[in-house]
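The same chain A turns up in both complexes below, where it pairs with chain B and then with chain C.
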Partner chain A sequence: MKKCMFVLLILSSILTGCWDKRELNELGIMLAIGIDKVEDEYRVTAQVVVPSEVSTKTSTGRSPVILYQENGGTVYEALQKITKESPREMYTGHLRMLVLGEDLAEEGIAKSIELLSRYWEIRSDFYVAIAKDMTAEELLNVRTTIENLPANEMFNTLKTPEATSTSTNGFTLDELIANLTSDGKEAVLTGILVKGELEMGSNKQNVESITPAAQIKYDDLAVFKKDKLVGWLTERDSRGYKAILNNVHNSVTAISCPKGGKATLEIIQSDSKIKGKINKGKPEVDVNIKVKGNVEEVECQINLNDQETIVELEKNTEKQLEKTINLTIETAQKQYKSDIFGFGEAIHRSNPKEWKKIKEQWDEEFSEMTANVKVDVKLVHTGTEGNSFLKKIEVK
Partner chain B sequence: MMQDVKINSYQFLVLVILFTIGTSILTVPSALATDAKQDAWIATIIGTGIGLLVIWLFITIANWFPHLTYVQIIEKLFGRWIGKALSAFFVFISLLYASELLYYFGIFLNIHMLPNTPMVVLNILMAGIVVMGVRLGLETFARTAEILVVVFFVFFFILVVCISPEIKFENIQPVYEMGTKKILQSSIFYVIVSSVNAVVLLMIFPSCVNKMKQGKKTFLIGNLIGGIVIIVITFLCLTVLGVEKTAGEIYPSYELTKKINIGNFIQRIEGLMASLWIITLFFKTTLYFYVSVLGMAQILNLKDYRPLTLPLGMITVVLSLVIYPNIIYQKHFDETTGNSLTLSIGLFLPLLLVFVYAIRKRTE
Partner chain C sequence: MGFFKKKSNSKIHSNSISASQMMTTSSTNELKANLQENIQIIKDSIGKSSDIIIREIRIGKEGTIKAGIIYTDGLTDTTALQNFILETLMLDIKETELQEKLSPEQNLITVLKDFAMTVGEIKELTNFEVLFTGLLSGDTIILIDGYAQGLIISNRHWVERGVTEAAAQVIVRGPREGFSENLRVNTALVRRRLKDPNLWMETKVIGKRTKTNVAMMYINGIANDKIVKEVRLRLDKIDIDGILESGNIEELIKDGPYSPFPTILNTERSDVVAAELLEGKIAIFVDGTPFVLIVPAIFVQFFQSSEDYYQSADIASLIRLLRFFAFAIAMLAPALFIAVTTFNHVMLPPSLLISLAAQREGAPFPAFVEAIIMEVTFEILREAGLRMPRSIGSAMSIVGAFVIGTAAVEAGIISAAMVIVVSITAISSFVSPTYNLAISGRILRFGFMAIAASFGLLGITIGLIALLLHLCSLRSFGVPYMSSLAPFNLSDQKDTFIRLPIWDFFTRPRLINQQNIFRQQDSASAKPEPPKNKESEGG
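Here is the complex of A and B:
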């Protein structure tokens, strides 16, 4: 009996997991998926790693990724058809990017992402972006230089804090779905596009020259209403959006000096609070933003050693940020009538009873509502120097 | 009879904790969030409170007959034939629940980890250990529980610490929006799943625990600790995933562990974290199975329950495969028929016992 058990134990350690085994060398690792709408069908483009090209030893200079493309009535159907072209089973657990074509976005994105939230293998930690002025297929067809794998380049570009600091912002699938399903908040997505000559993108020359003919670049944010793309925010509005949503760490803002000229400020910390309330039966929000920043560049004649100057700079920054934010809110209210900031959610949180009354006509209420924006800026230091050398040579 | 088996009160405490957490860790957050929305965590707190009352009822009954098991108590109070019929019903339901838990185990792995492995294989594997555990006896698996509860709480602690940076309190605001009625309604479901079911522990509680007095306390404390774990899990699901996602997911706690990402270094550890509910599921299944086997042996007046383990184990596996045609049916069954079954053996039967006991005492 004991011997028998011993043999069984040894066998079980060698023979475990045979049913669902999937060897790495039998899998095609899918890094990016693009979805477009072609007539009535979905066109799914999958960017799959060519393993031999990723390792430095066996690399022969061929493309590190391959694009598969199929049409289908549903997304899964199209995805499944790819197996007919690929010798390997598709593995989606390492998905990095989901790119949706602009045409699809205008028709509505909800149906096309349902699979991705339901399918067991897919984790929701990848970014979703909208291909601006092009199809997702065209976008995924561009080779990149620094990161061998285009999907990784897209993912990392969005992830680095510096990139999120400008006018773009990454959204994962979870965040997108949360925004889509929320009553008092509309979705926003990152725009992505190809700079330069699109046709050159997939060529090998694209990664061989110092200045690639086609480069992938993130652009401003796309505004949604329900699940339909209604327009794009400008760079200024994207900044305003990020300031309200508390995502402006490490971002850089140019401000005007008291006596003309410009200075640049780096925001190191920001803390925004949205508070909803009902004032005389009308919805209202208070947006309070506390910002900490450093002076990083001075291109004007000011005396930085003077406390007064610092206070004045702080005031200027506050004014400028408030202006940007107010203009952004106005764009969302008047142009798109889409509550991308979650003001409705804020009112729901503070006053659930009143929210029930205004919920149905929230779009109209939102476009009429008042938002009291207050920015409080504190400057911490002025970089490695006090007064600028510009002061010495008196450059105007 | 195997009445010489005794476990100490700490081992009993551990078993109660694991039993209470059992399946609730997987199903309660989503079931409660469907009705009570962002107030589901309040419902779990209320539910734990009500659950303690139910446990108190069980303890009262156990107190009257410190040397008998539940099946024996029923037989003593209702007489031979009615008693046996009621006990058979009780045993049947706990066997049904044992196979239901096997189904839970199989379907969870089928959905999230091993989609191509047939469920029968997974269920046989699990049932194999369960049968083995029961054959080795209560003492053995109580000691196993003593070891594995440490593993459970270490993983649980890791989960809580790793996920806490993702908490967003906006997700549970406005607090108390759904009102008392909705919250109470949904907390009832929770009470049934984690406390009323604990009636099966009456098969081991008074008779197999060596110190009656401490045993009473540990029954309550164990239920409370289990309840706190569920409160924490529900709270984390709501604050991290949000209401819609928690209600929409079939296993929100698993989705929760997928979210763990610390410095891009500690991530993708959900497979490890799944051992949390594999452990609790195993002990809940084992307890159900042990109770049904022991109960059946006592009904049939057998000297030893062990000969029953293998045949009943096979029945459990087969039952677990045919019990539900699909997972939607399972959800529906749990919320309707399952609840009534649990209430009938876990609440009405004990109340009836109290009633009959009172009458008998008076006539004596």
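Here is the complex of A and C:
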């Protein structure tokens, strides 16, 4: 009798154990989700992989992804409808991109991303981007060439420019929510758009020509106030934003030479410190940025072997960077009145008591406050050449 | 339930009958004084066995004394029998002064033993039990009419395999010789490596019918007396009709009889036995098999090869770590694959997940069934490869490689990734230097696969915890199976996962021997170093 019970116990655990088992060929792997607002409903667009088209062996040339689209009162409701539409169970564990439509962003994004932060299966390591001047649906409808899967292309481009470009920046869901909820800091998000003819994007011909008719591109940063989109930073402002937020790695800056002409610097390391304080009852921040850079290109008459030239170049760079940063801060203060740099946070940290007093009217205080920007540039290398050969040509 | 009980009862009953039969036929009675009577009893006992030769001769003055010579053909050295026994008794005695001594007044048995027989080992015997054991082991028996005594002369000789290279435990560097089937040859091989008077050997005869010689070898003063006593006790407890291989002894004396893990090490290499004896362990030799048992055995020992100590310490350590890793793969790889592809998809990198999903398109079976099919196919191929005649081995490997490798994938029955997983598992299971540990990994693999198919990674984790608990609960002759890890011993770590250079081996394993723990006393001079000053350089 005891043995029978034992066998039953084992059987019951093994036979009931498989209830949540999902074979790989029963999954619809969702790589990108787009959310738009259509009237009062959410329109959710899901980009789902067609596995047999990804493998080189079984590929027949059909599209490697399929778009599902449903409307619903909530995001989850729409997602449920998509599952009904598809022969496979939707799997969101490997979501790479979340694209929010511009219309939705203007109305506020917080409610639409609540599900994504709560749902157990979703990891919060995907990037969030705003579709600029279009709906998320249109954007997810574009085929890409280098990466077979559009979502992967978006994800990977966002991952790489983080290191090379100056203006774009990837934000994961966690970072976004942290920025949204933080006291004294507003959120920004990457803008994404389609360059070229939007209608051609979903065609097969789009990936067959050398210059695709429609290409996915990242653009400048979107500025938020609370969870509402208020505007876009220009490329210059985006660069300033990155410099303040310590996000600059390997970014390229053009500067003017002392006697006219241009030179290009690559910033290899940048370390910024924001310090908040209350000065005579007024909030104030010191932004100290230490930058290390290399001279990459010289298109002017300077003697790089001379230490003084280097110092002069450094000074020029400092001035230029300070100018950029000051203009960026001004844009945020005057145009958007949105503290995207987290100056409020800095003041909160240094003087919690005063912060409580000014917290309520922080938007006003922010647009009035002074920011003392100080940049310290050090040039490290000048490349494999000493003086430019351009000089010799001119002498000849 | 009741059915089984009845059956086991009747078994015991039949056993007792056979035991009592044996008693009446052979062991009860003493030798009779009458030669004819003795010979008749022997003939009755052995039936019509044609290999038992009974030769009746007459010796002494004018052949007045009747004598019988009994031996087993094939087990006895007949040349020695003719030269030293028959010739002595029938010819030499007549020509020498011995003839006077061979008078009826003297005890003929003692006279023959002390003066006549030119052989090495000779004993007197008085009962039939000793007679039969000796006779059937290849000894020659001499019985003389009028005496209830006899002589037993050891001139055993039979054809046997010589000392050849160890087949099951192959190494690159190290002695090649492996044990043979002869107990004496085997003990001699060890004795040759350890010329220490403290190398003690106790011999027992185990098996009521096979009368197998079993020898227990240990170094007195190094081996733990308590463990020696325990081994002796367990060997004495054995009451069985036959011991044919050391595996029989192993099953009868081992700890944790239901555990899949081996708690006794076996080896066919004399250098391994010598090394283990130096660590204070006890070797059990069984006549008729080249496999020698070593107790107590601990878990990590099964990952150690004798070659580890002959190659340099760095590569030995790396290879040892590799073996632990390979064991984990052999045990867990299919289970992990099942868990990750059916439950815990999030554990996979995105591109791998998509690639695996692409491979599984159109696969008819769930991953678990796929894995079971492939594993069972592999086990069949492996078993077939072991048992079949060598000449058709290559044919089978072609079929096996083709069936497993390509056809199954191309036919769309099995996904390609599963073939990779099963192959790496199979290869990993051959890395283990001891065959019995590889077997436990093989058995557990199926358990882990089932648990992974039901509960995913969570199940595997729970299974591993249960396995660890089980391993920690095992003991081998009183020594914790996981010892040097649990209970932890820092100084024993020198020879657990890694092996430190020999000059760093100051102590023997702590839990196995408590007396004479130092291998080399002078720790300072053990490490080879260049001379420090000029004088020593000159010297």
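One rule holds in what follows: the second predicted complex is superposed on the first by the 373 of 396 C-alpha atoms of A that agree within 3 Å, B and C clash if a C-alpha of one lies under 4 Å from a C-alpha of the other, contacts with A are read in each partner's own complex, and residues count from 1 in each chain.
Basically, a contact is a pair of C-beta atoms (placed from the backbone, for glycine too) under 8 Å apart; a residue touches a chain by one contact, two chains touch by 3 or more.
Because the structure is a prediction, the values reported are computed rather than measured.
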Once chain A from each complex is brought into register, does chain C clash with chain B or fit beside it? fit
Which of chain B and chain C A:D20 touches, first, second, both or neither: both
Where does A:S209 make contact in the superposed view: on chain B (first), on chain C (second), on both, or on neither? neither
Thinking of the overlay built on chain A, is A:N372 touched by chain B (first), by chain C (second), by both, or by neither? neither
Look at A:I29 in the shared chain and tell me whether it touches chain B only, chain C only, both, or neither; answer first, second, both or neither. second
Name the contact category of A:R96: first (chain B only), second (chain C only), both, or neither. second
When the two structures are overlaid on chain A, which partner does A:D125 contact: first (chain B), second (chain C), both, or neither? first
Between chain C and chain B, which one touches more residues of chain A when both complexes sit on the common chain A? C
Considering only touches as defined above, state whether A:T160 meets chain B (first), chain C (second), both or neither. neither
Mind checking the angle chain B, chain A, chain C on Cα centres after superposing, to the nearest 10 degrees? 50
May I ask you to decide whether A:S55 touches chain B, chain C, both, or neither, giving the answer as first, second, both or neither? second
Just to confirm the geometry: in the superposition, how small does the C-alpha gap between chain B and chain C get, in angstrom? 5
Note: overlapping chain A surface for chain B and chain C spans 20, 123
Quick one: which bits of chain C touch chain A in the complex? Just the residue numbers, please. 341-343, 345-346, 348, 350-351, 353-363, 366-367, 450, 453-456, 459
Chain A partner contacts - residues on chain B that touch it in the complex: 111-118, 121, 170, 173-174, 177, 241-242, 244-245, 258, 261, 268
For chain A, which residues are in contact with chain B within the complex? 19-20, 120, 123-125, 174, 177-178, 181-182, 345, 348-352
Can you list the chain A residues touching chain C in their complex? 13-14, 17-18, 20-25, 27, 29, 31, 49, 51-52, 54-55, 58, 91, 93-94, 96, 121, 123, 149, 152
